[in-house]
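In what follows, subunit A forms one complex with subunit B and a second complex with subunit C.
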Partner chain A sequence: MTLLRHLAAAVLAAVVVAILTIQLNAFRDYQIAEIACYVVAVAGLTVLVGLSGQISLGNGALMAVGAYAAGLLLIHLQWPLAGVLAAATAISAVSGALVGVAAARLRGPYLAGATLLLAVALPSLAIKYAGVFGGDQGLTVGLTPPAFLGASFPLTRWQAWLTCACALITLVLLANLARSRVGRSWRAASDDEVAAALAGLNVARLRVLAFVVSAACAGLGGALLAVTTSIISPGAFTVTLSIALLTGAVLGGLGSLPGAIWGSLVLVLLPTYVTDVATSHGLSSAAGSNVPVAAYGIVLILVMLVFPEGIQGGVRRLLRQFTPGTPASRDLPPGRAAASEHQEEGSL
Partner chain B sequence: MIRSSRAVVPAIAAAAALAMVVSACSSGGKSSSSGSASSSALTASAPGITATSITIGSHQPLTGVAAPGYDEIAPASNAYFKYVNAHGGIYGRKIVYKYLNDQYNPTDTVSVVKQLVLQDNVYAIFNGLGTPTHLAVAPFLNSSKVPDVFVASGCECWNSASTWPYTFGWQLDYVREGKILGSYIKQHFAGQKIGYFYQNDEFGQDGVKGLDDEIPSADVVSRQSYDPTNINVGPQVAALKAAGAKVVVSFSVPAFTALLKLNSLKLGYSPALVVSDVGSDPITLAGLLESFAKQGGATVSGNALTQGIITDGYSPSVGDTSNSWIALFKKIHDQYLPNLPFDGNVLFGEGVAYTFVQAMLKAGKNPTRDDLVKAIEGGLPQGPVVAPYTYSATDHSGMTGAYIGVIKNGVIVQQGPVLVTDTSPASAVTAYSGTAPAAPASGMP
Partner chain C sequence: MAEFGELTLGGISVGMIYAAIGLSLVLIWRATRILNYAQGGMAMLTTYIALTVINHTGSYWAGFAAALAAGLVLGAVIERVVIRPVESKPPLNAIVVTIGLLILIEGLAGIIFGGQYRSFPAAFSITGLHIGSAALGISSNDVFVTVAVLIAALLLAAGFRYTRAGLRLRAAAFSPQVSRLLGVRVGRTLTLGWALAGLIGALAGVLISPSIFLYPNSMDAIFVLGFTAAVIGGLDSPGGAVAGGLILGVALNYVSGYLGSDLVPLFGLAALTVVLMLRPSGLFSTAPARRV
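On to the complex of A and B.
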């Protein structure tokens, strides 16, 4: 039943995206593609942090793994796109497994530190081995719409379709995974490790698996970002990206897949929107270029104050208030909402 | 679940706040001009051109690591455009210059340039800054047939008229610059041990290519490169000292020129220093030297430390107040941009804006995008730089030469004639015999 419901939601979303991309201009199509890339990566991270209770400051670097893998395969082996995306996902998943094995022994700030190391060190490899990875300038990849769409099909619309299709497939798979035995085990292990172990769950293996899933998503997101922006360079995969991904997951609502969409919308649209507003109000002060950064901070603080369980949690709370017959006492304390989404569906 | 999210959320908020502080270290302004001057003959001849305005766009590092100094360039160009708009505009049209912040991150560059081209419908991309950043958008701009003029980077790569017919360089490319500095070193430091210190990317490598064309390889005793993300250059400086280099040639950005100088000082090592134009602006350099030394608990005089640095210049020296171009650009700076220092970055921004206005006037009253490309390919008069441009249908590189200068009391003082050359290893560096034109009294090309 759940599978059918998720598929129906995905089909509906696909129709909405198709209509939007045809109606909106080419730049909006490009932004939709960018959003979809982030949705894939943030969704993977929200599963890791929200469900399995581990933190990662290194998912930006895992996006780099996927992006460079895709770039090298496209440039040197000229694989078809589907094969490239699958291989990039697999390669990042393997990297995620390696990180996960180390991470399974670490907790809290130590885990954050170890993954942060990855985010700092990995992009430097691209500069160190400039012959392979193109150094600071990175690799350039070209993407053309497939022939069956016709010669005049806009590139940005094809990019939006491709990335949104991948994002929807990822979301459906993750949603089913979260409601499966694996998802339940993750929640059990993150709620009480000892109890989970006593109940016969292999906690270490579960934690590694969560890293693999999140790394695969980061890798796919990175590969999609590479073909969308047509450039893969170390400057794009700094620590800032890793932190932005986490911010997106928290803003949207930890552990919530619709939250990953909200978070990605904020990450991509907020800077452009604020810059446009600042420009149209003739803000020519020296502060002009820092306004988007400030707005980002304000949004982060406001969301944490008003919707501690993230935007998706806030949306759910508002819906509940306007639904007659639902007692307000069902509101959950902060931090509870992400888990509640799944528990309400009565899996455990 | 409860336990883990409570611990995680404040940690993430703190990390995000930290990231904001880090990325918000510098800022620049953003403004646009508007007005109305209509003439019945003016039509909307191309995207971005209306009867009253010409909208152009750019990507610039307004915040982030590359912002200090370079964030002055676009406001300076805009100051010159405001001056032009106040003096009749281009055939009556006002220039609207929309420059967006890419933080020197190529992915952001792609995003802001797509916004400028696909949504804001700019007529051209003007003076996009940076080699790695601009390389990310040059293929897109050319396939979209958008003029991509006067890139703010000396990469030789912009000169490829067959693959990128819409892209034009402007500033002296690093290969030519390397050859000009190399020929000076060959003459004045003949037989001495020479060391290289260069940024390990296209910028530094192109420079070294030019140097190697001129300097005998037997004289080069040490080649040290640095990575712009690692500020510890102590090992490289120690290696240069150990090799006994009496002359160090540095293809570096200002921050690393300052680090090279301070590290040499610490080791009691004082070679003659030869620095490329982009890394030698005396005002920027003196400020960096003083602030870096202060962070290390020392007090130095920036001007005393820059004294004697040999460099090259392709614009007149900022300190040369008798030069008509300096007088003009200083006047416009004082009127439209009084908050910024009048330094090499501001001069660069105003100079390249002047060149754009030259090209637009030549492109005609109702130009298409291709008209601008044809106008530049037809050649441009020299304007505010010291050597002529090369522009033709097959050559999109830009300037051909520079003069050698020595920093004295915080000002670059020209030594000898302007030197010109081209990028092929075989061609010699020769003195330029022509005379530079004076600035027009109106300030308009």
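On to the complex of A and C.
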């Protein structure tokens, strides 16, 4: 049943995307493609943070792994696109397993710090081995629409279709995973580790698995971003990207897959909008480019202090008002990630 | 062999910066069980304030004092306004809030001061010192950096040990409920802890900025290495943070000297991973196992 519902929602979304991309202009198509890339990566992170209760500030670096893997395969081996995306996903999943094994013993701030260091350290590899990774300039990859769509098919529309298709497939897979035995085990282990272990769950293996899933998503997102922007450089995968992903997940609502879509919409559309407003109010463009960064910061703080359930939590509350009598949400209880009380010293 | 000595002495000076950042993190961690990811950003902001004061007054020491005062105020204000509401919440909320603070401060600095790299003056000469004809590999400013952090650490240790405020700080960190029953104003004590951490962070920012340039992200790399130092030492142990900073500073200076400076962040990551795998609570920590 749930599988059918997820599939139906995905087909509906695909139709909407197809209509939108044909109606809108090339620039909007490109933005849709960018949003879809972020959806893939943010969805992976929201599963990691919201369901398994681990935090990662290094998913931007894992996106870089996927992007560089895709770039190298496209340039040197000329693999077909589907193969490249699958391989990039697999390679980042393996890196995620390595990170996960190291991270399985770490908690809270230690984990956040270690993954933050990963985000700082990994891009420096691209500069150190400039012969392979192209240094600061990065790699350039090309993408052409497949022949069966006709010669005049716009590139940006093909990019939007490709990325949205991948995003929808990812969302359906993740939604089913979250409802499955694995998803339930993640929630159990993050709510009460000891009880979960006593109930026979292998907590360490579950934590590593969550990292693998989120890394695979980050890698696919990175590979898609690479073929969309056609350039892969270390400057695109800084700590700021990792923090932007976290912002998207928190803002959308931790642990909620529709929330990942809301978050990605804001991540892509807000900076352009805010920068436009700032420059039109007389800020120089250099200063204006910092306004979105400050805005992310304010958003993160306000969401955590005022409504930790994020946008999807608000949407859910609205829906519930319009449909009285529905049972409490089958999704995560609102604000679960923010409301479990294992605090050592409660506030008096 | 001469190079080895130079790298060791230079590493001690850099290590003291990591130690200062680590110390400020430990102060906050002990008081509130929160890791302040905004510490580097706060230090960057106070260094910009110092630079503005120096440019207006022409006096290095006026800027130095302004940075420390600004750090003190910034720490207290941040604790009161945004940290207090998440202190009783799960750790994830505090992590997200301090990360939000970090990028808010960096964004604001970019808007106010612009993104370009600025040079920051050093307190003393930065030409290398010699004994006879042998170069030491450090300058008088490096000696000043080392001594300044050392004095700050000792003052802090003495303050914790011998003053009434220090006793209250230790009591509030040890058991907030019991101290509150005994009449300690725990809230005010936590604010004091954050203010002191802000001060130490500001000191680190002013001391390191002559050797790196000042720009909105300038403290990111320093912060993660300071964090690594604190974790190596154990987040609970101020002495451990200083020791961790020194170990890390010297080790990374060897890496930078013999293998190339691009590899420093990677070796930092490797060091952090190895320490956390072997001793998840740090080398010098006496903390009991994590409570569930």
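The rule we apply is simple: the second predicted complex is superposed on the first by the 292 of 348 C-alpha atoms of A that agree within 3 Å, B and C clash if a C-alpha of one lies under 4 Å from a C-alpha of the other, contacts with A are read in each partner's own complex, and residues count from 1 in each chain.
Simple rule for what comes next: a residue touches a chain if its C-beta (ideal position, glycine included) is under 8 Å from a C-beta of that chain, and two chains touch if they have at least 3 such contacts.
What you are looking at is a predicted structure, and each value in this text was computed from that prediction instead of being measured.
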item: Touched partner set for A:Leu173, first subunit B, second subunit C, both or neither; value: neither
item: First, second, both or neither for A:Ala165, with subunit B first and subunit C second; value: neither
item: First, second, both or neither for A:Ala9, with subunit B first and subunit C second; value: neither
item: Which of subunit B and subunit C A:Ala112 touches, first, second, both or neither; value: both
item: Subunit B versus subunit C as contact partner of A:Thr229, first or second or both or neither; value: first
item: First (subunit B), second (subunit C), both or neither touched by A:Val299; value: second
item: Which superposed partner A:Val49 touches (first subunit B, second subunit C, both, neither); value: both
item: Partner chain(s) touched by A:Asn290 [first = subunit B, second = subunit C, both, neither]; value: both
item: First, second, both or neither for A:Ala121, with subunit B first and subunit C second; value: second
item: Doubly contacted subunit A residues - partners subunit C and subunit B; value: 49, 53, 55, 57, 108-109, 112, 124, 127, 239-240, 243, 246-247, 250, 283-284, 286-287, 289-290, 292-294, 296-297, 300-301, 304, 308, 338-339
item: Subunit C contact footprint on subunit A (complex, rising order); value: 49, 53, 55, 57, 102, 105-110, 112-114, 116-118, 120-121, 124-125, 127-128, 192-194, 239-240, 243, 246-247, 250, 283-284, 286-287, 289-301, 304-305, 308, 337-348
item: Residues on subunit C engaged by subunit A in the complex (per definition of touch); value: 29, 33-35, 37, 82, 85-93, 95-97, 99-112, 114-115, 175-177, 180, 216, 220-221, 224, 227-228, 231, 235, 260, 262-263, 265-266, 268-269, 272-273, 276-277, 280, 290-292
item: Residue numbers on subunit A that touch subunit B, as the complex places them; value: 25-28, 30, 34, 49-50, 53, 55, 57, 108-109, 112, 124, 127, 130, 135-138, 140, 142, 156, 187, 190-191, 225, 229-231, 233, 235-236, 238-240, 243-244, 246-247, 250, 254-255, 272, 275, 278-279, 282-290, 292-294, 296-297, 300-301, 304, 308, 333-336, 338-339
item: Footprint of subunit A on subunit B - complex, ascending; value: 1-2, 4-9, 11-13, 15-17, 19-20, 22-24, 27-32, 62-63, 71, 98, 100-101, 104-108, 110-111, 114-115, 117-119, 131-133, 135-136, 139-140, 200-202, 227-229, 339
